[in-house]
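The next part holds the structures, each set out as structure tokens.
Below, chain A partners chain B and then partners chain C, in two separate complexes.
Let's look at the complex of A and B:
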């Protein structure tokens, strides 16, 4: 029996807390890269407008080009919680393989190795690497021991407003409780037939079928959240 | 369709994470999927290559267009393989190829005509025809339902990105080839495009087609897999597959309970009901809120003992949870966040920009100064680096460990400090010689010679050096041009005379000593004597 595929990576901290990280695939990362490159080009051309005139300005421009090209991702990743502007927009974040934030060492390494990932043209090697690796790591990530994950928004606690709170007839496991709350939360978006079909499935819990079961489930969910 | 056999965890998740699940699904079934894809795509690419070779050069874009145009039909074989793999059913690529013609009905006309150039997210809709068998108006309804809430947008963006991936791989392959061609500039794939535009070479269109076929052969299944997992995720969200699975598992668990453990469970549950403490025991006690405290304070001191007793009773009654006007709850309160973290970044960037623009004006006028400063900073940096890494230079032998070794005090027991010598050495020697103290005279002369060598002419003499070694060192210095010929000759004759006298008891005559003194005075004693 092969394991169920889930994009998440479970990390267990020494305190026994399970962290679920979701590594981000090449498509989303490519979009973040495009945003970053676009922003960089815009700011560089704006700066060129300011500094461009004189010879000294052009010299400084070249320095700024070099420093900003290499410094931008590093500085933003170290001081911006692992996010460049593009990654921030796309909801991505760079972390170490153990889920900790990246430091100077990791960020510098992974960004210097962009050169290797760039080969032979426009990140061909990096793309190939990401497609092969289970956590979508490019060469720089492999060397620096980092990965790019989705920055999930914190889940809102569900609260069921209608229904009479009612205790459960027998204890449910946390997964089952979650499924029950999920069902009640998503029920309005399901078709009527499907809602009743699912309510029928919950017959062992509600000792009823159809609308009666549905109302019971709503009451149980209200009892769980209130 | 048995949901129990599902190989994916289909809880609702953001669409991009659902798309990323496609890579994992594809990776798990990579061998079959790619074999099936290439079983169709490979012959097609070969046929198009042959067509390119046959067609006149002006028409070489046609096969490229053709293979690109029919790609949506080839994609259906990937959907066939993955849709079975996702429920744990393994199909071989041969079965997939045999089943492929039967997968084409439904939507094929649409996909091959006006949809082809514009519908980048077609991968999300293909399974509706192929797997659900929906047609016509119903298919349209399904498409609208599945594409809602930004799902189609995500699929389209994924299509855009995958098209770029194909392009990147195509360019990468050409650039890789260019690295091995000795033509300067061949490593830049864009020069190839420029050359190709002139339609001059027979090989260019073939190369373009071959690289495109390879790139699309790599990325095509990736696109289909990503869109397919998005489709599955969307359906699971709409039809609550994950909840159905959870309820089925719950029913299974209850069934097991009911048959085997019912009696035991009943006893346990019944027992628990009796033992279970009353819920009030869990109630949380807390300080009364401000308005209650204020009210209690406002009634003032009790008039007499009777009122105090009644008040105590009333307070006790009102302190009960059912009657008091407030509720005590235990909960988490967020800590006060660091003020710095909340600071807005926008004004900061604006100010940085202002400073930069002001700096730009300043720089233009002060260009010369800045240039000078930059050069000075660079020079300082170089010196600092040299200083910082001086031990490396020492190790490499580029820098002598000590520029000036300490001047020796004595050589082989002879005190050679200049201050111990008489002011006029030559005269003192001659005087001693005439006084008959021949040994003392020659000893003084030798000692003075070594002293002058070490202290005045900078010859580094080893501490325990014998007369012969001193002479050898002087000879080496002569060869290295650090000592001139005349001085060396004086040192040599002094050493020889001294050695003959001291060890062989052969004494020179007065005339020779006198000449030696004269030479010594003229050559060795004077720093700037030799020109």
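Let's look at the complex of A and C:
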């Protein structure tokens, strides 16, 4: 059902079903990092404006700086289901290698190791490591036994509205069903000729060609997603 | 079986699981294991019978969430930090006594060698520390300074924040740098030893600053130096596990070592934080006789020594 090309990771549970996880690549993770850093800088500079006046204020400021710099990702990952604010926004999530939520140990280790990943500048080591690893793990992930995955499974095809739900005349394999849904999903973006040409291919299923076939495909798709 | 019939038959089960997994769970959570097994069975059936992708996707999402809920539940480990501090941490330090010895030799060796050099040939001090900085240190520790060891009039709280931010972060970086073969941890150790050696020797040559300096550093030094050395030990161990993983793959060796050294990293950070507390609120306190400071400082060193040799010995 899954081919090796789509980068999904199969997780076999004790109950004998396989669950799929999709590791997230460097680009999306860099965006999440940028969001986090931006938020952190904003809140720190706002706080500096408030506390910067007195000596004691600057002391508290430095304490907050320490706790937020090292603690922000850890606290959010442990209590926020593996998501810092940036990761939440980008639809990413940190999980253990076995797909379970991260705990204190994993989160502390992977975030301490950020320092090593940051070297020599702007996550050079981390990027290099991610490109070599099949699951896009940076050094911290390797040491802590974690990985970053996409939180939501690939978006479900939108409900097909413009067809009368109709059952299939004979069962299709999941791959064939997927192909059918993909076609119907992409159909609005194809030219008329191309659409009809492709619909012709489904003649064994629809017992028709051209517009008749296309209409039937829409009905089947509506039946599948109903 | 038709898909619609299948859906009808199991809709109640899926709805029940959805309710249990919601942010505000409703229903009896003890039922989850049984329901989850039933869900896995329906997922397998749906896949095998080739039901529509939207249904299998939905069941898959549900199964993944239930799997996490069920197997991700943390075992309750009350007071794990206390267990680490009373037993795991000192035992770990004793287990790693060889690396601790090497790290201590590097730190104290670098400090002592450079210190002696500066003691006999003071002009060498300028090779490592700029004249402005040396003058600054001299001002900080001369008797006239209102607060020892500070420039200007930094309040206690501000210095506490600064020491925490600066020193504990150095400890964390020293550990993390260890993964690059342990070399950055060694460099950090040698550099800090060298810097301390130059300053200590420079200030000791002048009778005006000698007593002020030593009575200032002796107390928090016990915690700070030990914390730094232990951070380096943890970092070196991490680097070594990468260089010579033994009978494990490099990845597994790293995983194991990191888990094992974590109590030491946390312990070292706590020691450094303790040092910051003493440095900010005790060491700089004016109007205390140096004899008192030496006594407390000696006590601190004895305490550290006793902790790492005796704590956690009688526990299995």
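The rule is simple: the second predicted complex is superposed on the first by the 195 of 226 C-alpha atoms of A that agree within 3 Å, B and C clash if a C-alpha of one lies under 4 Å from a C-alpha of the other, contacts with A are read in each partner's own complex, and residues count from 1 in each chain.
Definition applied: a residue touches a chain if its C-beta (ideal position, glycine included) is under 8 Å from a C-beta of that chain, and two chains touch if they have at least 3 such contacts.
This is a predicted model, so every value here is computed, not measured.
Annotation for the three-chain superposition on chain A: chain B and chain C clash. Applying the stated contact rule after C-alpha superposition, one finds that A:134 touches chain B and leaves chain C untouched. In the superposed model, A:179 lies in contact with chain B only, and not with chain C. By the touch criterion stated above, A:143 is placed in contact with chain C alone, chain B being left untouched.
Applying the stated contact rule after C-alpha superposition, one finds that A:101 touches chain C and leaves chain B untouched. When the shared chain is aligned, chain C comes close enough to touch A:19, but chain B does not.
By the touch criterion stated above, A:42 is placed in contact with neither chain B nor chain C.
When both complexes are overlaid on chain A, the residue A:60 reaches chain B and chain C alike. Touch criterion met: A:109 reaches chain C, while chain B stays clear of it. Overlap of the chain B and chain C contact sets on chain A: residues 55-56, 59-60, 119, 125, 172, 178. Across the complex, chain B is touched by residues 2, 4-7, 22-28, 30-31, 47, 50-51, 53-57, 59-60, 91, 119-125, 127-128, 131, 134, 136, 150, 152, 170, 172, 175-176, 178-179, 182-183, 186, 189-190, 194, 198, 201-205 of chain A. Chain C meets chain A in the complex at residues 2, 36-37, 40, 43-44, 47, 49-50, 52-54, 56-58, 60-61, 63-64, 67-68, 71-72, 74, 153-162, 164-165, 168-169, 172-173, 175-177, 179-180, 238, 251, 254-255, 258-259, 262, 265-266. If you check the complex, the residues on chain A that touch chain C are 1, 13, 15-17, 19-20, 55-56, 58-63, 65-66, 69-70, 98-101, 103, 105, 108-109, 112-116, 119, 125, 139, 142-145, 153, 156-157, 167, 171-174, 177-178, 181, 224-225.
Against chain A, the residues of chain B that register as touching in their complex are 6-9, 12-14, 16-17, 19-21, 23-25, 27-28, 157-158, 161-162, 164-165, 168-169, 171-176, 179, 189, 218, 222, 226, 237-240, 242-244, 246-251, 254-255, 257-258, 265, 269, 356-357, 360, 363-364, 367-368, 370-371, 374.
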